[in-house]
Structures are given as C-alpha cells and as structure tokens.
Amino acid sequence: MRVGVLTGGGDCPGLNAVIRAVVRKGIQQYGYEFLGFRDGWRGPLEGDARPLDVQAVRGILPRGGTILGSSRTNPFKIENGVERIRENLAKLGVDALIAIGGEDTLGVATKLHDLGVKVVGVPKTIDNDLNATDYTFGFDTAVNIATEAIDRLHTTAESHRRVQVVEVMGRHAGWIAIHAGMAGGANVILIPEEPFDLDQVCEWVESRFRSNYSPIIVIAEGAVPKEGQLVRQSQELDAFGHVRLGGIGEVLAAEIEKRTGKESRCVVLGHVQRGGTPTAFDRWLATRFGLHAIDAVHDGDWGKMVALRGTDIVRVPLAEATKELKVVPKELYEEAKTFFG
Amino acid sequence: MRVGVLTGGGDCPGLNAVIRAVVRKGIQQYGYEFLGFRDGWRGPLEGDARPLDVQAVRGILPRGGTILGSSRTNPFKIENGVERIRENLAKLGVDALIAIGGEDTLGVATKLHDLGVKVVGVPKTIDNDLNATDYTFGFDTAVNIATEAIDRLHTTAESHRRVQVVEVMGRHAGWIAIHAGMAGGANVILIPEEPFDLDQVCEWVESRFRSNYSPIIVIAEGAVPKEGQLVRQSQELDAFGHVRLGGIGEVLAAEIEKRTGKESRCVVLGHVQRGGTPTAFDRWLATRFGLHAIDAVHDGDWGKMVALRGTDIVRVPLAEATKELKVVPKELYEEAKTFFG
Amino acid sequence: MRVGVLTGGGDCPGLNAVIRAVVRKGIQQYGYEFLGFRDGWRGPLEGDARPLDVQAVRGILPRGGTILGSSRTNPFKIENGVERIRENLAKLGVDALIAIGGEDTLGVATKLHDLGVKVVGVPKTIDNDLNATDYTFGFDTAVNIATEAIDRLHTTAESHRRVQVVEVMGRHAGWIAIHAGMAGGANVILIPEEPFDLDQVCEWVESRFRSNYSPIIVIAEGAVPKEGQLVRQSQELDAFGHVRLGGIGEVLAAEIEKRTGKESRCVVLGHVQRGGTPTAFDRWLATRFGLHAIDAVHDGDWGKMVALRGTDIVRVPLAEATKELKVVPKELYEEAKTFFG
Amino acid sequence: MRVGVLTGGGDCPGLNAVIRAVVRKGIQQYGYEFLGFRDGWRGPLEGDARPLDVQAVRGILPRGGTILGSSRTNPFKIENGVERIRENLAKLGVDALIAIGGEDTLGVATKLHDLGVKVVGVPKTIDNDLNATDYTFGFDTAVNIATEAIDRLHTTAESHRRVQVVEVMGRHAGWIAIHAGMAGGANVILIPEEPFDLDQVCEWVESRFRSNYSPIIVIAEGAVPKEGQLVRQSQELDAFGHVRLGGIGEVLAAEIEKRTGKESRCVVLGHVQRGGTPTAFDRWLATRFGLHAIDAVHDGDWGKMVALRGTDIVRVPLAEATKELKVVPKELYEEAKTFFG
C-alpha cells in the first residue's frame, strides 16, 4: 500500500506531528510506503511529491509549520482538476490519501471521496471552528501565545492607566478570544458570534477605571459592532499621506479613546499566533490524530475524519466536519461575562 | 449565604483561579459572602479563616500556588475533628463549603457530606488520576513543563551520545509521563501501570543508538521493574560517605549504564512541575470549575463535584471522584509504544 | 534621610526590581525612609506620594510595569513646575530623589540637579539608546520577546513561501532590530541609522527564495527608505471606507509584494515587547542599578546616574546620559549583513 | 584555506550558532572551505571529519547542543596524540583550527599552538568561570532556566510553608547561583567561593519564616559548608536498601529540616540547565564570537581567543583564558546578601 499525505490551508502548529505519526506507524506497523505531496492539493494536481520515510520525519515533532508546504489550491476550481489528480495518483501508484486541513481542504476531500477516491481526513484549524471534534491541534498553542501576550500587556496598561485592545485571530468564531480572554483575565471579550454594543463596551471600560484598574479588551478579528455603530470618519494621516487605520481592533481602540477620553492602544497579534513549536497538548493531539488516521487507512474506512471526543479519538464522516461552523455557545459567553467590567 | 472555601493537598497551578472565579461570581451574581479557610481542613478545624472579597482575589488568576495555603490535615484522624469543624462553621456563620482538593481532601468532603455538612467539591490533582473527570487543572501545566525539559535534554543527549533518563511525577498513574513523553518525543516511557522489563528497556536503548540517535527515557516516579529485577548493589559513595542513590530514575540510569556500557544520566524534575503560573488551559479549566462550583452551591446541589466531560462542565457525586484511581488505559500505552526504540 | 522615588516615561520590565532594591537596601543598610511618587514627575509636582516600606516592595521583583505608575509630565513645561516640586519636597520632608527614566525623565533630573535639587538617576529605555551605559534593563526582555516571535514566524513563512516582515520597536536606534534580527536568523535587518534601498531589499528577498527559503525581514519602527523611495499610492480600503495602511513595516511588505510578486505579510509586535516579567538579566541589572543608586544617595553623589560598563556598575554625570543618542555602530551593522539574503 | 572546526567539553546552548557564523562568513567573505571534526579533539585525533558548507549549517542557529558532537578526549593524554593530530591535519589539508570549548579544550589548543599548530579559540562554559571574557555563551540561557524554575518554586514553597533548596550548576564558581538567585529573589545564595555556615543559614531560614514567608535557598553544586559542619549520619533507605542521599542540595535540605523542624525539599536542576534553544543574548554572543574567530583566522592571528569586553569582541592570548578561574567577586556576593533572610 502506498499512501499520499498532504497539508492544506493556513499553517498550524502540529501539522508535522501528524505527518510523523502517520509515517512512523504506517511503516513500522503496516509496512506501507508514503509519498508527501507538496503544497496541499497542488501536490496531487501537479504530481509534485517526494517519498517520506522514517528519516524524513525525524526531529519534526516539535517544529511548527509543515515540511510538506501548504496552499489554498482547490482542484474543483481548476479545469480538469479532479481528472488530473486521479491520473497523478495512478501514475505515482498512490492507493489512498490522508488529507490534513480545514474547511476547504476537507471539503475537497469530501467531494473526492464521493467520486471514489480513497481518502481519510485529519481536521486542522487554528480557529477551532471545525465541527464534530472537541478541539483541533494548533488551537491550544495559539491560545497560550495570546494569553502570554495578554499577561504582558496587563502591566503596561496598569503602569500607564491605558485601555489596551488585543486583536486575536478568529474570523468566524471567537474561540481564541474567549479562551485567551478568560485565561488572561480580560475585562471585555468581543467575538463574532455576538455583535457588540459600543456604549456597553465603554461602560465596562469606565467601570474598570472606577475600580482603579486598567481595562484589557480582547477582540476577535471577526467581531463586529451592532448595526449602525462605528461609522466614524478618521482623518489621521500617516507618513505617506494615507488615512491610518487598521482592522477592527484599531478602530475600536480609536473609538473608545474618542468616547471615554482614555488613552487607548491596540496590538494585533497576527501570525505570531500560528507559528512555532506546538504546546504539549497540540503535539499529543496531533500525534494521536496521525496514529488513528493511519489506522483508518488500514481499516479501509474511507471518507472518515479523526476527531477528539473527551479523551478519545473517534472517526466521523468527513462531511460532518464541514457541514456547519462550530461557534462559541451562548452559555459559555455568559460565563465569560462574569469577569467583564 | 456565607460560603467557606479551602484548598487541600499538594499545591497545583490553577488553585487561585478557582478561588477567584468562585468569589467573583458568588458576590456579583448571588450576593454571597466568603470566608477563606487557611491550610486545607486545618482551617475549619481550628476556625482559622479570613474574609474573601473581590479585592482579595484581584490579580491571582495567573499566580501558581494557593493564597489560602494548604495542608494534609485530616479531621477524621483527629480527636473530635468533625465536631470541631461543625462548631467552627456554626460560630463563623458558614452555611456551605467549597473544598478544592484531591483524593484525601475530597474523601473528607464526602464523609462530611454524609454527616450532613453542605459541601461542594472541586477536583485537583497534578497527576490527573482522579476519577470522573477528563482532566484536572494543573496537569496541563506539569505536562508542558516536563515537555519543555525533555526538549532541552534532547540536544544534550545527542551532543554526548548519552542515555538521558527523565523522572517525572506520577506515583500511582503515568499520565504526566505518557503525555510529556509522547509530546517530547521520548524513546521509552515507563509508567506505574505496567512494570517494566529491564532487558526490553536496554534493547530499546541499543536500537536507538544503532539508528545513530541518543535515547530519552521518561519514567514516572512510581514506575517499577518487573519482579526480581534491579536488586543491584551500588557502592558509589558521596562526599559524606553515604551510598549515593536516588529514586527509580537514578537507579534505572545506573543500571542501563552498567548493562549497555553507554553513559547514562538522570534528571528528576521534581517540584518544578507543580509550581508557577498555569497554562491557558489550566486557567480556563480552573476558572470554569470555580464558576460551576458556586452554581452548585446556589442550586443546593450538595455532595457533588464539578467535572470536565469533553468541553462541558458537569456535576457528579463526590464519591465517584475517589472510588477508584484513573489510570492510563492499555490502548493508550500501546499507541505510545509506536515511538519506542 | 527621606528619599523620594519615581518612574517616568514608557514602562519597561525591571522598573519594579529597581524600586525594590533601592528600598530594601536603603532601609536595611542605611535606615532611610522612602516615599514613592506617583506617575513620574507628576508625583512631586502635585505632591502625590505614598510611603514605601519593605512590605510595599514584596513580590514585585518579577513583575513588569511599575507599581508607582508613570507619565510623561515635564515640570519645565508647566507654570511654576519647578517651584511646586521644591515646595512639595519640602512639605513632604523629602531630602533626595531617585529618578528612574529615559531621556525625558533624566533630562528633567539633570536640570533639577543644576538648580540644587539632590537627585540621582537610573537609566531606563527599552530601546537601549541611552548614552553612557552598555545596556539598560528592559532591553534584553524586549529582544527575547522579539526573537521568540521571529522563531515562530519562520515556520509560517516557510510553509507558505511568504515574505514575513516583523516590525519591532526602535524609533531612533535599531538596537532591538539588530539584536533580535541576528538572534532570530533574519535575512534582512533594517534600522533607523541607515536608510534602506528598496531595490537592495528586494534583491535580498529574491536571493533568499532562490535558495529555496522564505525571507524574514526585521525592521525597526523608525527605519526609513532612501530619499524618494516608497511614495506609492495605496488605494486598498478597509471595512469603513478608509485607506488601509499602517506603519513602515506594513508599507514595506506591500511594496515588496508589488515589486517581487511574492506574498508578503507584516506583524507589528508593538507593546507586547515592553510588558511582562523581565528576563533574568534585566532583573539582575535592574536590581544592581537600584543597589548602586541608593549607595550614591548615601555618598551624597548628586547629579550622577548609575551605568553598566562591562560587568561593573559605575557612576557617570547625569548629563552624559542624554547628551547624545547611542546608535548602532556601522561595524556592528556590517557584521549583521553577513547573514542578509 | 581549509579550516577545521571542533567543539569540546560539556555541551552548551550557542555552540551551533558559533559554527554557523564561522562557516557563513568564512565561505561568503573569505572563500574558505570547512571541515567539521567530530567529538572535540577525538575528531582530529582519529581523522574523523565531514565537510561543512552553507547547507550544513542551515537552521542550526536556534538549536541547542552541537551538530559536531563533543567529548572530553585529551590528545596529550594519549600516546602519540599530538603527532596523530598533525598527521591528520596534513592528510585532510587542514590549514587552521577553530577550537570551541572550555578550560580543557582551550588548554589543549594553547599547547598545540605552542607546538606550531595554527589555532584560534572560542571560549565556552555554561559556568561562566573562564577568565578574560565578561561572559561566555550558554550562561545566560542557564541563568534564565534556573530563574524560571525558582519563580515556579516560590509558589509551592509559600503554599506549603516549606524550605525549598534549589541546586544549580557551578562546580568551582557560583555565577549561575548568584545571577539566578538574585533574579529569582532567593533568600539565601550559597556559592563555592565562600564556605557557608550552617547556623547562619538556619538563622536566615527562620528569619524568613518570622516575616511570614517561605525561604528559597539557591546553592551551587560546588558549594561547601565550613570545615567540620554537616558530618551527620543519614539512615533513610530507599526501595533498594541503599542510603538515600544526593548532592549538597539534598544534604543541606535534610540538615535544615533536622535543625529548624521546618519541612524542607530540594530540587536539583541538573542537565536541563545546559540544553535547548539559546536565549537571544547567547545567540547574539555566540554569533559574534564566530564572526570574530574567522576574522582572526583570516588575519593569521594564531594562539588567540575571542572574548567579550563590555559590548566589544576583542582578542586575547589563549593562555589567558585558562590561567586562572574567574570567580564571583566578594563585593558582588555582598550585594546579593542585601536580600538574604
């Protein structure tokens, strides 16, 4: 049996741990051969692959990123994409695929499975918004990085009696924001699931100052104000004559400063959240995902995705992962609100 | 309603996060008053307590240890212990207790509940071996500290072609060993659940050297050899004329060196694993445990313990937590073995 | 003797360590009393102070920020500012001042000294650009935070074959950029001391891609292009209809992408660099600065600043610290260039 | 010109950074070729070497340990050792050597230089006790690891009202102990330079408890009691019937517990201090050492060692490095004592 492996979408700490586990167990226990496709679906599309043996996956467990490269290539948006993949798999003698990725990558995997390609999926998203699994690897690392940043920002906010806004990742779901916000002791957490009310935010800010502390606001990049709010006109120009304005975090900080008169600053954590060595949990989860994915291949359990449920790794239909977005439940957000203001 | 809070047993990152969440929600949402008892069950036994208000729990979320102190005092082993607790609770006007602790502390809580004391429990053990909850806070921190240490030891082992033994916590269960060992890429993991065979360990060591790498062995402090093994006589003396020999890790390293001729060293991570700031996950779990514990008090749901199941916090009977030890399942240990040797 | 202590300017890890050392040694060795002025020069200006005893400085050694608060208040820009300070010092019985701060704070201290106020200075700048001392505390912490971020960004850049620009602090001097850039293995480092040539930067970027690696560019916030470069017109609009454009890092990333066709991203590390717990070196340096500052007070050595020279703490005239900016020497930048491209 | 590079003695974070800098600059600027000798002086002794090009040193900057391996082989203690080295250098066409190491490795280098071998040295010792340089790389990493451990141990000590002894590296000099002890807020620091008085130590311990805090004692592995002290007889046996007793830290903890009645524990940090990724400072210092070492080769400045003086890298005669041990000066220890008790 020759198995192809690929990683698609944004990179994520733990991808290499999955690859290593797949290859180590596949070779030692099942005697398989492995091909690593380069750059997500671009690899099988263009027949770009290299052999993966035990030596190739040595030392990669603690390394962030992916040794296979990644891309957002979608074969269904390319002429004859699926046909070309079939041809390349046949040409390279690849019997089955393990696709490690998020919504897009697994969406392609689902469709390919429906077309008869033997494929097993491993869920990956830094944002933790994939359905059917308690957590995805990479998320814990992102949350720890964001929490450490919040820890650091507390002291600066206090020393200067300043509002500190921290924009974290999360375009469609507020998982990083709510986890890091609760862990970091944020005074306000704003998530895409619940449009925020600017008056309410300013009230929390002022209440925090009244208790003689400085507020930290954690906001997901996809959070939005209630309709009609924040249509202000900024005119501050930068060195090149452009209006200087960033994402929602910066807009919010500027607006709070305008409304409350309190000095406000924004830090956008950005890509730092998704790089570097994975936490112990993410290495553990990614490794177990890899071990169970190759077991699914061995069992011929095609069209399945490995998933975490409690402390168990289970298999669910690939389609389940992408059928809806996993968002922060209302009750959890209510728990977080205990500490607002 | 006046609620007493206490922390018992070995300290653990996250204790302060529980206390803070209990007090913040209890005051803001339910209008309760709080008394913090000092040093576990010694507090109610001797009536040693201090008021806990919002100010008292400010800034403690990221701090390791416990602001209430801890001890291993067991009122059931002290004359009139239970009576004295009843009297002190009455005298101090304490209506209910939240007991945060492990097997011993919750064992006492269970018995007190049977005797009519209104008590709610929060599970705590760095070792993760309490029944009825997926994880306990503090464990993730310990695993990350151990994993980081293993990461560091790899490079030394490689540079000197040396066997490196790392002894981690876990007297009765190998949770820290197996999590940190898998996350750290250990070549052998030894846990209390499965007595090890010294010949097999040495074979793994030699196989690792044959692939031109240096072995890292992670061993739980409670791991033991198969019967009849390791009855060697060491005669190495230290500066004071004493035979120099430590715990199982050191014994194992010495034995491996004797048998394989390879230089072997042992590091005992010890108390470093249980101190300091909690990881984001542990702060999150501890905070949610605290929020749900005070809800249980509010609901009058006495004799219950909060517990993690998947991503939910649930309530289980206190007695369940201590009725048996949660050990590493055989299948999980088999997964880990994929990477041995 | 009653000594006043204040911290001015931007906050910086290590400020609390200085305060602790000053107070501990001053009380134990010399029997002094201490007043902590709030928010830099605003404190003495408005007579806003609180007593500092051993208890007040307990546990602050590892904490970032400053327990005294900070501000940029300049008494020489306020009517009767100096007079009011004199009056308040007299009223509060303060015999001498220890001023901990950067260019502005020490500039005020210098002038006050010239006017007869008994003052000793402690140099503080995250940017390391104060003259007359090898290093200032806080700088090592900032460099380590930036280096860790660069470490993390490498794996993302590689996985996506992307240009990653990292904007670090340093308005007038490139110390953080060159230290973190060299430590993080950056492929290009751009500093305020040497205006950069955009063609050259793009050439380095392309050479890096030619060796099959992805470039990391570290740029100080104060770095500027050679005259006439970068006057491009961006028209990208954000959600609020504003042109979306940030600091020099973002401008550079956009320009590189335009010129080379390679996907380019920018992360602005911002305030995360100046908060949180100090590194061991910064705690050590800050502690020693504090111990030597109170010795200078004891010796009546007014108008002096403590400074690091090699491994020694020495005293230099306050005026020296601010007489010129300490910039990155040309030879050091040449050393860094070894690794460009 | 073909240059040989070797690393000897205990491993140390930063060794790879030196190798990388030497090779990168040597190839790009001077057009040299490089051979990496394996395992310190064993490499040239046995002619065991491999070519080092730019590819071979890619990605090693942040990695601890040494890609060349290390050993304590001393050619002067082996028959015809020097002759064999000469022959191998000639056979392999090696014109000059860069020896990276501590007292032993540089001692050999000094003697070889006296015999006409062209050699340049780079000082390396985790203990920071080499003469003629302000600091050596690896030391800052060790100090940070030890400081972080002390930070963590504080909370455990407080929670349990316990004496915590932390044994750190430093056989002949107390540099790590005094730096980490001061940075970590230790209450007692014991170093080899000054034999300690047990009564005094117990007095500090008790004074700390009297202020309602728990003492942390940092002790260098080479610290010794005053003559005649600590000749106690321990009889505690371990599972194998051996007297259970470790290094000086454990002995001290046992003795303090016996004398003061306070529960006392010891953690021996051990090899964790010398492994893993270097701090930013160590990467910076190691990189600059490497750049200046290859410059010395280019200048034909044989028999020299690079050294740090303030912020400058200078060259000193190799013999100076080893002519005496650099110990903690008495005044510095006095500074640290400000915080004892």
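A, B, C and D are the chain letters, set down in written order, and residue numbers restart from 1 in every chain.
By our rule, a contact is a pair of C-beta atoms (placed from the backbone, for glycine too) under 8 Å apart; a residue touches a chain by one contact, two chains touch by 3 or more.
Chain-to-protein mapping (UniProt): A, B, C, D = Pyrophosphate--fructose 6-phosphate 1-phosphotransferase.
On a predicted model such as this, the values are computed, not experimentally measured, just so you know.
Comparing the chain pairs C-D and B-D, the larger number of C-beta pairs in contact belongs to B-D. With respect to subunit C, maximal separation of chain centres occurs for B (centres as means of Cα atoms).
Centre-to-centre separation between subunit B and subunit C, using Cα means, comes to 40 Å.
Centre-to-centre spacing of subunit C and subunit D amounts to 30 Å, using the average Cα coordinate of each chain.
Mean C-alpha positions place subunit B and subunit D at a centre distance of 33 Å.
Residue positions 151, 277 of subunit D are each in touch with at least two other chains. Arrangement of the chains shown, judged by which pairs touch: one closed cycle in which each chain has exactly two touching partners. In this structure, the chains touch in the following pairs: A-B, A-C, B-D, C-D.
By the touch criterion stated above, subunit D contacts subunit C in their complex at residues 21, 24-25, 28-29, 58, 61-62, 134-135, 140, 143-144, 146-147, 151, 179-180, 182-185, 213, 277, 279-281, 283-284, 287-288, 291, 309-311, 335, 338-339.
The residues of subunit D lying in touch with subunit B in their complex are 10-11, 13, 15, 63-66, 69-71, 145, 148-149, 151-156, 158-161, 164, 230-232, 234, 238-240, 242-248, 251, 265, 267-272, 274-277.
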